[in-house]
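Structure first, then comments.
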Amino acid sequence: MLATKRLTKTFGGLAAVSNLDLELQQGELVGLIGPNGAGKTTVFNLLTGVYTPTEGDIILEGKSVVGLKPYQITARGMARTFQNIRLFNSLSVIENVKVACHWHSRYSLAGALLRLKSCVNGERQMQENALELLEMFNLAEKKDEPANSLPYGEQRRLEIVRALAAKPKLLLLDEPAAGMNPLETKDLMELIKKIRRLFGLTILLIEHDMSLVMGICERIYVLDYGKVIAQGTPEEIKNNKRVIEAYLGEEA
Amino acid sequence: MKHKNILIGILLIALYLAVYAAIGTGLIAPYYQVNLYLMGINIIAAVSLNLIVGFTGQLALGHAGFMAVGAYVSAVLTLKLGQPFLPAILAGAVCAFVIGIIIGLPTLRLTGDYLAIATLGFGEIIRGLLVNIDYVGGAAGINGIPKLTNWTWLYLFTLLTVFSIKNFVNSTHGRACIAIRDNELAAETMGINTTYYKVLAFSIGAFFAGIAGALYAHYFFLIQPATFSFMKSFDALVMVVFGGLGSITGSIIAAMAVTFMNAALINFGSLRMIIYALLLVIIMVFRPQGLMGTKEFTLKHLFRVKEGGSS
Amino acid sequence: MKTYKWLVVSLIMMLAVSLAATGCGKKETSDTIKVGVNYELSGEVAAYGTTAKDAILLAFDEINAAGGVLGKKIEAVVLDNKSDAAEALNVATKLITQEKVVAHLGPATTGATLNVVPVCTEYKVPLITNSATNPDVTVDPQTKETREYVFRTCFIDPPQAVVAAEFAVNQLGKKKMAVYYDNTNDYSKGLYQVFKEQVIALGGEIVAEEGYVKEDQEFRPTLTKFKQSGAELIYIPGYYEKVAKIISQARELGIDVPFLGADGWDSPDLVEVAGPEALNNTFFTNHYSPQDPSEKVQNFVKAYKERYGSIPASFSATAYDAAYLLADAIKRAGSTDTVAITKALAETKDFDGITGKFSFDEQHNPVKEVSIIEMVNGEQTLKTKITPKQ
Amino acid sequence: METFIAQLLNGLSLGSIYALIALGYTMVYGIIQLINFAHGEVLMIGAFAGFYAITKLKLNFFLALIFAMVVSALLGIIIELAAYRPLRNSPRLAALITAIGVSLFLQNGGLVVFGADYVSFPQAVNKVTYKLLGGSVTVTSHQILILIVTIVMMLVLQYIVLKTKTGKAMRAVSFDKDAALLMGINVDSVISITFAIGSALAAVAGVLLGMYYQTIYPLMGTMPGLKAFVAAVLGGIGIIPGAMAGGFLLGIIETFVSGYWSTTYRDVVVFGLLIVILIVKPAGLLGKDTREKV
């Protein structure tokens, strides 16, 4: 599904990520963990095309996506959420979702300007798709509210809905549980399991909350100073010496 | 929904006929007619700039440059090449559109104030080139342009502008532009080609600015490079911000209010601009988000006000 | 709710403004003759518009003090066109259709005037401009017909430039000339074209020509270029403010050839800015000279100086003449009918103005002598007077 | 060669005036990220203050310069207080429109108060012309004075910003207003001081412009203001040496285009070059590319 080969990104001589080799199989749920500043989000930014790698390759479904723009990578079937929520605040909840429908159900510009039938139909289609998704995630009632008026937890959920609306095959979640209480985190775990099942997704997630990572991930990569220091099942990671060092070292 | 559209349609036709009759019978004095035309041209300029600045969030200060392109191209076609008015207007608009793409592609990579100064620069370049082209009269400009802009053309193109841009922002394309304004990075990772949409909004805005310029040229007889200085771009920007960034009805109301203010202040002689400037500062200080904010004024508002009044 | 409160406040504010505005305008009494004064009082060329307006108001006050015209006082309705051609049209429409003025004075620039001409023609109201020098102002370039309602009290471009070229070649004996003109100004470009043609016709040569733009303050780069070209005389058909700086910067660069210019030079500021020394060996063509000993001129200069604190420039003089010319035409027409006034204006014969005795030719341009002024130690002295070939 | 040197000297004088104005622009921009379109008008008021100080108060040149700086500084503080401060937490475009409003107000107020006419500026410093290279290149004492004043002003400004406590506070405020507030910095007064210094610099530029070009008038600030803004952006807005570099570069380019090609294409070339530079270096010549943190 997804593989990176010797992926490297340097900022002014400082390597944020170096020689990273990741591999995700179809349908896997993989966690990416590591102490603060380990380069996790940089990995996401490289994968989604926000940054261009200094070296190395990213292969999505057998084809390299290096050098593509983020929107092109999205069209290849990758979508993401953000660590710091990035919703379109002046748009309503449902419009946020519709923005993500853009790449696959777009209609012509002329249709839009003159409000031709293609536009009306296209809009109806998007509305239906979006509403369906919102209903699935219990957000349908709030569809016309401004996105930034939602409570924090719902904003996070909306971000996931929005990413799903882009019809991804691979979903990247950047700290989905950040700022949530244990109860909300538990709900989130159920939600992630559910979407994976329903949409047949491959998921890569960054998370600090160990209960979540250990609870749902099948495989985990541990990153420190931009390098993979360990990988394996949750059990293996829990007992890995270098991982414990890295985390304790950070705390000390 | 259907009923509302029919109602709006009837209101618009009624407005057209009413003004048409009022001009014909002399009910609207010639002086008010001049301001009526200015109002229409200002509405087109403000609404089209709002698409760029308000909806897409790209601070552009070269709108007058596109008006100049529309004005010059259409004037050359009607005056020097003897073409009819409608193709001349459209040719002017298309030229502005193309130049919008040419200018937009490199500059829209810039953000914020850097974009502002680059677009301002392009406006000045267009003006500087016009001064040096003797075919269009250099600094003296083109004089004796036939007065072809009448109420029907003005009304038609104002409606065309307003409704095209309204349709655009309410479509998936427009939503893409708003998404870029709200959060460019998120928009791009949600599958939106940000460069394409920025350039698209910019050049559609330029297209309608070209129409405004063409209508202007064929009402005021004379166009000169100096007419389209950066002060004219500022005028349009004032209307957009005053009306509310991202509110089409706001831009329309503001364009009308600014034209009205300008006409009302005419009697103050040399104090005219001082009062105008003061009003500008006061309005902005007390209403920084503009008249309408990002909201639209709809028929519902009218009814709500009425209900509120009766209770 | 807050929105509507604010809307109400702003509406009241606007209403107040417009009420105050209409309040100012409505002083309709039948014992005054309303004259529209449409000038550039703000914006880029406010300086020219303001001096013209000042001179016109001075003239009207004098006329009114002497009993007015046809037993009525002249009332000037002064409006600002912001140095914007479209605004000039807006203002003219207001003056003619709302204020019902019997005549229209201004605007100062050719562009704005051309924009006003159709309105005046449509409503058959005479227009007199004091400084729009382009021939097209009074003659339609397409039909070659004289515009019936448009008059001016200044020269058109050609006569001055013809005289200047003759003076440069024949009297000063110069062959190689440079021209430095204002590229953003039709007046300046018009003079430059005619001068160039004439010089070549008289056997001279233009060795360098360059334009500056309105906002320029820095002329050294071009002057340095002129210096290399070997020009024996530099013609600057521009306005005093730039001319003073150009000459001053040129002398600084060691350029000591004579400079020659036109009526735009005429202002006391020329000497103040450039200094008397730099101005030696410079000449310009003009309508009048404030040093003209005639009583009429001296009275005008004195009255203007008392009221506004400065010596009137030639644009003040032509504007002053425009005001008196209009009063004279109303008197001769014996009525305030706009068409009758227009007719009287067209028949003007030997009107004795500040800027000389003149009549209108069939193109509504004043026929008058051109004075050539030489600057000698900061004083304007009359070098010679030449009647241009028509 | 002589022509080249002569043109270079012309360019340096023009450039130092642009640099001086750009310094003020950049300071104000650096601290509140506002394009202060009224800066050119503050310059104009400074020039008139200097004019009245010399002609009415009979002060000598340097006292008049200080007088003008004080007047402009006060004006800058008042403008910030009345027109910009209420808008500090509003959309930036609202503040931009206010700035345009203030600029129009001062311009047209100037037209009414000072009159529309050009006022000739007294030559309070004797102009001496020095001839170099056998007379083919000339330099005046005014040109030298302008160059020296500009460089001194930049050094003083760099010292204030980098070495003094006020300067540290300025940098803190420009970096993060809220954090600065938490650190006990009086943000309001720091912004006022910045406006005062920026406006005082504008006054210096105004008086020097008056002296160099010999006339002042109410609209004198508009074009130099716009050009200086271009210079500031060219060098990287918000960066003091950038404003300096941008100013000199702009002055020299303008001079060379006028001198070797044509004045009428000067602005076309200047703005064209600006756009090319911005496309190659989107944050200006000395600006750092800052990427949004994701």
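Should a chain be cited, it is by its letter among A, B, C and D, assigned in written order, with residues numbered from 1 in that chain.
To be clear about the criterion, contacts are C-beta pairs under 8 Å (C-beta built on N, C-alpha and C of every residue); 3 or more make two chains touch, one makes a residue touch a chain.
Note that the structure is a prediction, hence the values are computed from the model and not measured.
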- Via touching chains, chain A connects to chain B in a minimum step count of 1
- Message: With a step meaning a move to a chain it touches, how many steps does the shortest path from chain A to chain C take?
- Response: 2
- Message: By mean C-alpha position, what chain is farthest away from chain A?
- Response: C
- Message: Can you identify the chain nearest the overall CA centroid, using each chain's own CA centroid?
- Response: B
- Message: When I count C-beta pairs in contact, which pair ends up with more: B-D or C-D?
- Response: B-D
- How many angstrom lie between the CA centroids of chain B and chain D, rounded to a whole number? 32
- Message: Quick check: how many Å separate the C-alpha centres of chain A and chain D?
- Response: 48
- Can you check how far apart chain B and chain C are, centre to centre, with Cα atoms defining each centre and the answer in Å? 35
- Residues of chain C touching at least two other chains: 41-42, 44, 50, 183, 213
- Task: Note the residues in chain D that touch 2 or more other chains, in rising order.
- Result: 107-108, 111, 264, 267, 294
- Item | Multi-chain contact residues (two or more partners), chain B | 131, 185, 270, 272-273
- Would you mind writing out the residues of chain A in touch with chain B in their complex? 48-50, 69-71, 74-75, 79-80, 82, 86-91, 95, 98-107, 109, 111-115, 119, 122-123, 126, 162-163, 166
- Using the touch definition up top, name the residues of chain B that touch chain D in the complex. 53, 59, 106-107, 109-111, 113-114, 116-118, 121-122, 124-125, 128-129, 131-132, 185, 230, 234, 237-238, 241-242, 245, 270-274, 276-278, 280-281, 284-285, 288-290
- Which chain B residues qualify as touching chain C in the complex? 29-31, 33-35, 38, 131, 138-141, 143-144, 147, 216, 220-222, 224-227, 257, 260-261, 263-270, 272-273, 275, 279, 283, 286-287, 291, 293, 305
- If you look only at chain B, which of its residues touch chain A in the complex? 164, 167-168, 171-176, 178-179, 181-183, 185-194, 200, 246, 294
- Going by the contact rule at the top, pick out the chain C residues touching chain B in the complex. 3-4, 6-7, 10, 13-14, 17-18, 21-22, 24-25, 41-44, 50, 78-80, 82, 84-86, 89-91, 93-94, 97-98, 110-111, 114-115, 118, 134, 136, 140-142, 183-186, 189, 213
